[in-house]
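Below is one structure. I have some questions about it.
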Amino acid sequence: MQVFKAFLRVLRSKFGSSIFYIALFFMVGVFMAKTDPAESVWEKAKMKLVVEDLDDTAESRMFAEFIGRGNTVIPAFENEDDLTDAMYYTTVDYAVKIPAGFAKRLEAGETEGIFECRHIHDSYAVANIQMLLDKYVNTVAAYRELGKSTLEASQAAVAVLEDEASVTILEKTSGSENKYGDLLTFFRYMPYILLSVIMNTLCPALVAMNRKDFRFRTNCSGIRPQAYTMQIFGASTLYVGIVWGTFVAVGSVINKTMFTGRLWLAVANALLFALFSAVLAIFISEFSPSDTIVNIVTQVSSLSMCFLCGVFIDQSLLGSGVLAAARFLPAYWYIRVIRLLTGEIPYDAAEAAIALGIEAGFVAVFVLLAILVRRARYTSAVARRVMA
Amino acid sequence: MKPTVVKIDNLVKRYGELVALDHFSLEIKEGEIFGLLGPNGSGKTTTINCLLSLLAFDKGEIEVFGKEMKPTSYDTKREIGVIMQNVAVLDELTVRENIDYFCGLYISDKAKRKACVEDAIKFVGLEDFVNFRPAKLSGGLLRRLNIACGIAHKPKLIILDEPTVAVDPQSRNRILEGIQELNREGATVIYTSHYMEEVEQICTRIAIMDKGRKVAEGTKDELKGMIRNTESVSIEILELPEEIREKIAHLPHVYETEYDDTKLTVRCSGGRHNLIRILAVLQEAELGFGRVYSELPTLNDVFLEITGTALRDSKE
Amino acid sequence: MFWHCLKYELKEVFRVKEFVLWLMLFPIVLGSLFKVAFGSIYSTEIFRSIPVAVVKTSENPVADNLLAAMTDGEDATLAATITDEAKAKELLEGGEAEGIIYIGESVTLTVARKGMVPTVLQEIVSRCNLYESVIRDALATDPASVETVVRKLSAEVSAYREVSTSAENPDVYVQYFYNLIAMVAICGSMTGLHVSTSNQANQSLLGARKNCSAAPKGVYLVAALLGSCIAQSASMILCVTFLRFVLRVNFGGSLLLLYLSAILSGFLGVAMGFFIGSIGKMKHEGKSVIAIAFSMVLCFMSGLMMGNIKGILALKAPWVNRVNPVAIISDSFYCLNMYSDYRRFLTKILGIVIYIALFTVLGVVFTRRRKYASI
């Protein structure tokens, strides 16, 4: 077990930098443990609004309350620039200022330029709120025609505006009920952390063990090559298992969710991806790169896979060309399983099995590639020695 | 009387509890090849690092060319060439660029530097490798590059810290000859090594170090003169009765015998014809023996006698 | 001597393959990737006519009028296809329609998913209910006024006055490119790290050799720092040029200031690396792994991996954005785009300069040592 123990020690010495990634991931995990579950019952999309009431009359307060209902009202910012930033980063969709004299202008029957508004993105949320503002003013004006006071007209307008049309979600596309939103969000980001932690540690450790002098010295010792390989394999498996198990367990604890039913698919999914990360690390280590090169390869492969396959950006936002290319990467299938589980696409056991199968296929392909590279490199090394 | 180039006075350097240099003093005169001999861990490199003002020390004084050595003694440093124990070159630069770079840290004048670089390349015999990157050089060539980087600026004092570790015999000879040549051209050389043959071969004066202390200093003959041993006689003999060994031990001038079932070693102090007397005892007892050889004392004998352990046996 | 050291510093840096890979090729790869991934997302988030399928089961003049108003003109809110139920469902399932509006005695909506677009549709459909309710109230109160009420209700108004913002390119996905430039800048820590480790006697053999030489430490240290800054500037210029002119990313604002800000940010990266390299006795490889991981954490906090993190932090922990050097760098590009006056941009630039000064001074304090306790 000397090789096994030595390899674990090497792994431990290479683990330092991964602590950054892990700490960050857990932090974000706790931070992000909140998502909108996709349920089959209709629910309006919330808009993020800043409402500033400078009029402070019964009418203005009524309007502010109406517009805030069902939406997320964000407290007004101290300066304009912060508001601009918030709108740019879409933490605020729209800012509505109710200027002083609002009630009076309503009373006078004015309808133009009653509110002072700001927005940056011409988004659907903005179009929605703008329609709502027009509708509110029109409705109040209509009720004023019926002889109501401004306050009464406002009350009546709020009452009728809150009576919304009923909406149903088409059964076929309603998807499965998602009870595990938070935990699945945690799982969604896991490919990045698995790739980073496993590749950044396993790869340099394997390179260290594969170093020519070290390998030759080991070859000269009494240990059989098979036993050597098996011990390295065992230690790697143990490491990958610990990493995977830790993330799965921590995910469960952070989100206070136990694994039941289909959630086990997410666990299996993560295991397959952890294995993929490990075989990718093995494959790269066959080229004996320096620690810095490992770092670069890790960043390039993890970032590109996560951006193209919908880990960081939702797959529904990515273009069809990008997604077509992403199919050739395992993270795409990983995310597909997550989407099946969240109900973003209707759950289908066969589809989930296919996605998991393809991930397993990637693992197998990279195992074969690693073996091929190893054979090619060692055979050529032997040939060079013979020729020399 | 030649002027003093290096003067180290009562140098003490501690690493926590460990005393690396224990009141170590030294004086090196111009034109010498001064050998610092000692086993690994005896304090040779620490001495060099203190001398070069890289290491802070606890006590003592160091003067080079008559001036106190400080990290900012740039004029003094300009006259010193350093060849480190490990190869210290830039992997990204070629052989010529490396030499030029390090030479440029001493000589600003371009034309002068160019000539120096060419001389250094010729001196170490790297003419065919000037455009090679260090990674493409063999161990021996790399050592030569390391040396060229240290001596290109034609320093008056050259410090070589174990420059022949892990070097093939051919390169080693070339390096040793080169050092002697530099010395003939006027450079004072400080040479540290744990290979006593090298030190014996090239050094004009030697200090032997052990556990941070100087245990002996002098020319090789002076050092050998410090010990009793003047001759060691070795005889390959498979059977040696105890009474015969006793008889040999009581011969005149013999002060020590050693027998390990195959070889008898007899150490003598002074006297002539010691070998003939020993062989006569063996012939008289009608004992058969194999190869016989007589050796003059080596620095290992000096070290052995002074410290009680052989240089080569000393633990790192 | 200074120029000699500078010349070789530059020669060395540009021949380090990690430098070329990490600071020159990696941004090009990642930038291209971003372009592919985000190039057209923003345009899909901008409001356009919403395609809907309309299924009429009985006459409803209010709904018909409303539908006509909503589908009228070039910038119509809806793009309606009037069809039967089966076809409508097909359109909805196929994603060609965002919803099915059933017009009967009452008006209902069926959608395929939740989200903002279906919410807009609900808002539109609710208007029919609104008209009916208001007309009902009018009939009950004053039947003669129904016509005026309906006219008031359907009047074309602009109830809001928009205060304009000076954003030149509001595309929120451009911030990924801001962060990419910031990442290249902060990864300049790799070159800065090299400056401190290769010049300290207790960190590398080269450092020991240089310390023994006749060149004053200040000279080769400043030459190395300057060399790294030049190399880093080259990679910053390459990165910005590639993004702006090859990928045609519209950064908005003055291009000259963008380059200036990028170059200055590169200096910040170098200074940070110089500082990291100067502390502790860990060898170069170990420190470089730490520097990269630390840089990546800063990049993450600035939104390189998740664009909305900066906005969330601005609400929940605004100080993080104020102290995170990567966020400050990416904000400087953002300010150029968003604000026509340079007040905020200059604040960010000041922040960058303060960081450069801080890291450099600290780095010098730690590396100025000329003798070491152990090597």
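Each chain carries a letter (A, B and C) given by its place in the written order, and its residues are counted from 1.
FYI, contacts are C-beta pairs under 8 Å (C-beta built on N, C-alpha and C of every residue); 3 or more make two chains touch, one makes a residue touch a chain.
Because the structure is a prediction, the values reported are computed rather than measured.
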- From chain A, how many touching-chain steps at minimum until you land on chain B? 2
- Note on the structure: Two candidates, B-C and A-C; the one with more touching C-beta pairs is A-C
- Message: Roughly how far is chain B from chain C, centre to centre by C-alpha average, rounded to an integer in Å?
- Response: 63
- Query: Which whole number of Å gives the spacing of the CA centres of chain A and chain C?
  - Reply: 16
- chain B touches at least 2 other chains through residues none
- Note on the structure: Residue set of chain A touching chain C in the complex reads 16-18, 20-21, 24, 28, 31, 36, 38, 42-45, 47, 74, 81-82, 84-91, 96, 111-128, 130-139, 141-147, 156, 160-161, 163-170, 172-173, 192, 200, 290-293, 295-296, 299-300, 303-304, 306-308, 312-313, 317-319, 321-322, 325
- Note on the structure: chain C partner, complex, touching residues on chain B are 15, 49, 52-56, 71-72, 74-75, 77-78, 80, 82, 84, 86-90, 92-93, 97, 100-102, 104-106, 108, 149
- Message: Per the contact definition, I'd like the list of chain C residues that touch chain A in the complex.
- Response: 18, 21-22, 26, 29-30, 33-34, 36-41, 44-47, 50, 77, 89, 92-93, 100, 107-130, 133-134, 137-138, 141-142, 145, 148-150, 152-155, 157-163, 165, 167, 170, 172, 175, 190, 285-286, 288-290, 292-294, 296-297, 300, 305-308, 310-312, 314-315, 334, 338-339, 344
- Query: Tell me, which parts of chain C touch chain B in their complex?
  - Reply: 1, 4-5, 8, 11-12, 15-16, 201, 204-206, 208-217, 220, 370-375
